[in-house]
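Just passing along the structure, written as structure tokens.
The letters A, B, C and D name the chains in turn, as written, and every chain counts its residues from 1.
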Amino acid sequence: MRIGVLTGGGDCPGLNAVIRAVVKTAIRDYGMEVWGIKNGYSGLVEDEIIPLGMESVVGILPRGGTILGTTNRDSPFRYQVVTNGQVAYVDKSKQAMEVIRKRGLDALIIIGGDGSLNIAQKFYDLGINVIGVPKTIDNDISGTDMTFGFDTAMATATEAIDKLHTTAESHHRIMILEVMGRDAGWIAIHSGIAGGADVILIPEIPFTFEKISAKIQERVARGRNFSIVVVAEGAAPMGGGQVTAGVNEGNIFNPVKLGGIGQYVQEKITTCTGQETRVTVLGHLQRGGSPTPFDRLLATRYGSAAVHALARGEQDVMTSLHGQDVITIPLMEGIKQQKQVPPQGELVRTAKALGISFGD
Amino acid sequence: MRIGVLTGGGDCPGLNAVIRAVVKTAIRDYGMEVWGIKNGYSGLVEDEIIPLGMESVVGILPRGGTILGTTNRDSPFRYQVVTNGQVAYVDKSKQAMEVIRKRGLDALIIIGGDGSLNIAQKFYDLGINVIGVPKTIDNDISGTDMTFGFDTAMATATEAIDKLHTTAESHHRIMILEVMGRDAGWIAIHSGIAGGADVILIPEIPFTFEKISAKIQERVARGRNFSIVVVAEGAAPMGGGQVTAGVNEGNIFNPVKLGGIGQYVQEKITTCTGQETRVTVLGHLQRGGSPTPFDRLLATRYGSAAVHALARGEQDVMTSLHGQDVITIPLMEGIKQQKQVPPQGELVRTAKALGISFGD
Amino acid sequence: MRIGVLTGGGDCPGLNAVIRAVVKTAIRDYGMEVWGIKNGYSGLVEDEIIPLGMESVVGILPRGGTILGTTNRDSPFRYQVVTNGQVAYVDKSKQAMEVIRKRGLDALIIIGGDGSLNIAQKFYDLGINVIGVPKTIDNDISGTDMTFGFDTAMATATEAIDKLHTTAESHHRIMILEVMGRDAGWIAIHSGIAGGADVILIPEIPFTFEKISAKIQERVARGRNFSIVVVAEGAAPMGGGQVTAGVNEGNIFNPVKLGGIGQYVQEKITTCTGQETRVTVLGHLQRGGSPTPFDRLLATRYGSAAVHALARGEQDVMTSLHGQDVITIPLMEGIKQQKQVPPQGELVRTAKALGISFGD
Amino acid sequence: MRIGVLTGGGDCPGLNAVIRAVVKTAIRDYGMEVWGIKNGYSGLVEDEIIPLGMESVVGILPRGGTILGTTNRDSPFRYQVVTNGQVAYVDKSKQAMEVIRKRGLDALIIIGGDGSLNIAQKFYDLGINVIGVPKTIDNDISGTDMTFGFDTAMATATEAIDKLHTTAESHHRIMILEVMGRDAGWIAIHSGIAGGADVILIPEIPFTFEKISAKIQERVARGRNFSIVVVAEGAAPMGGGQVTAGVNEGNIFNPVKLGGIGQYVQEKITTCTGQETRVTVLGHLQRGGSPTPFDRLLATRYGSAAVHALARGEQDVMTSLHGQDVITIPLMEGIKQQKQVPPQGELVRTAKALGISFGD
């Protein structure tokens, strides 16, 4: 059997560990041939495909990023073509299927988020078997208990909170950390609890500045004249669509353009509390670096499981962590909905029991 | 309600996070009073008990060890007493129950391994309610999917493997790392896969030096003239009880006294392969340091859950991670057997698919 | 002898190590009494002064921040007073001297940057002996080879570059990291070389976007279609005062308000090269966290040396690293000028020999 | 000009950074050709020499070890030859010079410790120009203020002390850490001060167990019932040559064979104090891993400086850190003596002022 493997969407710690496990398992256990598709789906369209032997994956286990390259915007079904400076979007899926046939690929292993896995499904519908490996540092794919990369991102965010703590305490300041999470607050709540934050703002729970200020004042009253606020980039104030929608009338402040929710929260808290406040946007640091041992292991298990699934003849499935077991589930079932932090769930309850405010 | 909390057995990253969550949840959510029992069960016998208020737990979340102190040998039911240099073991459980009554403790939260939790059960049988929080860096308690401290220990072991890799490769050597795991190979197999080891030796799978040598020779044949061997302290050669039993007749080498299984494996591999071989015993480094964010969160959830369980009126239970949920299960059910690495399970199969040898 | 110690200005990894060394050396070696002045110079004005015994400094060596607290704006000679919402600046130096006399302090150890040390000199002129300990993460104090805190900040910046590398390479992007350094590029050049940056922009060397683009294009030509740019916050384009001066006429972009030089450089490079570009502002993360061993040692040596200097009867000096030795030099000589990166010096030449562009 | 570069002796963090800087500087600045000699001097004898282009050094800056390989025992002047199982030592220097001529190498850059640099001098005497780059994690080369690799080793040792602290404190134990340093105590004293050790034992200061016990008892008297002891592998008790010389008559204990000075100190302290004591031998972990930013920078400066020296026509010199400057000095002057910790110097005095005992 000859399989192709590609990485799609934003980079994520552990991608190389998946690739390595795919290559090693396929060659050692089954004598398959593995080909690497470069730069996400665009490598399928452009026929940028390279053989992956045992030597190709030496030393990549602890390395972040992906040796195959990746892109964020590369659907062959709506492929960006620039002609004389004009941008057009064209269906290149037939060209991609042609490449697949020409290269003799029997199946694809697609390592990606819901965008990349939805495209994978379309290729399956066109007749090529696909196995998905769910990837997102946001941990918001419903079909798996954990995605690889999340533990690393969460650890980076927690380390940042640890660092901000010393400044907050020494300067009696409010330090705000903006972390990733456009639709789900997993990084914010995990790192916020692990780092000992005082306020955690997540997309799942609309907040008010009154509640945030009340928490900060409660701390001041107890002699704790500093606070740590962790805010997911997708968090929003109650009723506050304007925060992500653009300029407020009668208000020169536009959080979207000026620096996102972190800066918005900073300005508002400064106004509400009168305390010195600083914001840090963690940004790309969350995607980078060597994966944690947890992520290296999970990514390795996923990669190996994807090949075993292929060898068993499974079709159109994705790997999934279910409790302590790695299993496979139907691909579309795995990504049909986003996994959000349950606002009444144990995590939020635990956080609240510790005195953490969600601004609600 | 007035509760006592104690930490028993070997220290473990995350103990302070549990204590902090117990104190915060008990005081904030339920207005309970919390008392800390010092130095494991001996504090119960000696009446070394201190009040734990909100201020007591400030800043301890990221710190290793336990602010309460701990000991390894302290059962009140077989308490070590030294009189005129003579050691005797005495049942001091009545004295401990007397202290509990005098202090007005309504329940105990016991953070410990199977030893400490078995003692907890005996106190429950004497009439004091107990809630257990399972603790072991070895991850070998059957009643929970994960114990806190394990992720930190595993990360320390993985980092050590990363470091040994560069020396192994530069010097064309075989580097052996002895990690903890007297009865179960969890640290060895997790860190071994995450660190890219070539050979992993665990108590669950007896090994032979022939198989280990074969693996090393296979690598040399492929131009990889170095290897990394991770060995759990409880691993043993097939039929090889003598390794932990003492001096071999007709053989001056005694692995128990000289440095454990790591050194034994080193000498044997040197003999079998003729290659330069070095051993490192990771030892106490695995118990120390700041807990990983994963462990801080798990420990916090356990501590909070223990108090919620008490508040709900539960008795004689322990907290447990079940999939992604923290639940409670009957205490004795939780610790009735050790959790070992299944020799035919997915983890071992994944490792073997990657080419890792278990010496079997 | 009774000495007061205070920390002034922005927080910095190693402050606690200095305080600890001062306390231990003063008490153990000389039987001095040590008092801690809280929140920088404002503690002198407000008489917030606490005794520091051996117990006060237990466990603080590896901790960031300062147990004494600090502020950025607190000169007793121009002290901010708010009355009925009106801000006024008043000379409170007499009040501070009164506190010093009342408390019976024989000398002050001032741990601070050039701002705090200039104020120290004024107190010396008023008749109280002072010993300065130079502190800045920017490493820009001329009187010492190295300041503590710099190694930690530089390590944090280097780790960030390591993380951005994997994203840059996987996505074929230009990643920009803005680091501290308003007047001197030490963090940028050290971390840039240590992290393998392609372009380093520092205040000492005005840059042009033509030169930066040329470097990026040269890399693309060699198949390296990603680049890492490290920019100190005080870097500026040749002739480009407008970057830090405010809004450009006929241009809605204002780098000062919108996000500093990092964002400005990002927008310009995107325009010049057409490549995807992302910016990360490291900000307060550089000030926080546990000091590196190097900084813990240097800070400890400074603290101990300051007390020895006092005991020897020295006056109006500051501690200084000179080669491998910690010595003392006259205070005003130590801070009379800023130490900048020599544009023709060995560091810049080394960087250029490696192919790093400074945009000049 | 065509230059050869080799790495000799034990591996050390930063070797790859030197190689990279040599290659980049030589090719970019001077159009030289660079050849890599594999596995230390044995590559010169065996003619294992590979071209090093710009591509060879991509991505190696943050990686430990050496891409060229190294060995500890490889002097061409006393080369180990095994014939029919018989080991003989033969002068192969002519063969090596023949290889140098055949390959057309105009000069050698030797990255190594005093052993490798002494051999370098012999090659210079035979007529080939050599430039030395001093390398040792022990920091004991007199001709330079700092060697690269030392900061990383010291950081690893300090991190280990941090980890042992939590166990020591939680269990009221004495924890002993054996670190490298056969002839000089630099790692022990730097990491001991940075990690807050209570006792530091170094080769330069003979110790007695009475003094060590007194220090431990003094701590117990102050309620600090745990202690951290850092011992360099070459430390020895006063008058105690037998510790490193072999078996004591009338004494079954032999520290050399059984586990070195760490275990010896453990047994003795246990006997003297009656307290629970544990030993950890850090061993090879100190040589491995990614170099600290400090070491990456120093190694890069050395590599670049070595090439500049060649280009300037210098002969028989080694690179050296002098204060903040990298300079060159005559090779034999640089290594003529070992640099030891001055027993009356500032570092030892600082440590003693903090209350640290050296057992003297």
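Just so we're on the same page, contacts are C-beta pairs under 8 Å (C-beta built on N, C-alpha and C of every residue); 3 or more make two chains touch, one makes a residue touch a chain.
Bear in mind that the values here come from a model prediction, so they are computed numbers and not experimental data.
Any chain that touches chain A and also touches chain B would be listed here, but there is none.
Look at the CA centroids: the one farthest from the centroid of chain B belongs to C.
As a whole-number value, the distance joining the C-alpha centres of chain B and chain D reads 34 Å.
Here the spacing of chain A and chain D, counted between their Cα centres, is 42 Å. Looking at chain D, one finds that residues 159, 162 touch two or more other chains. With chains as nodes and touching pairs as edges, the resulting graph is a single ring in which every chain has exactly two contacts.
Taken pair by pair, the chains that touch are A-B, A-C, B-D, C-D.
On chain A, the positions that touch chain B within their shared complex are 20-21, 24-25, 28-29, 54, 61-62, 145, 151, 154-155, 158-159, 162, 190-191, 193-196, 222, 292-294, 296-297, 300-301, 304-305, 307-308, 322-326, 346-347, 349-350, 353-355. Contact residues of chain B toward chain D in the complex are 7, 10-11, 13, 15, 39, 63-66, 69-72, 156, 159-160, 162-167, 169-172, 175, 257-259, 278, 280-281, 283-285, 287-289.
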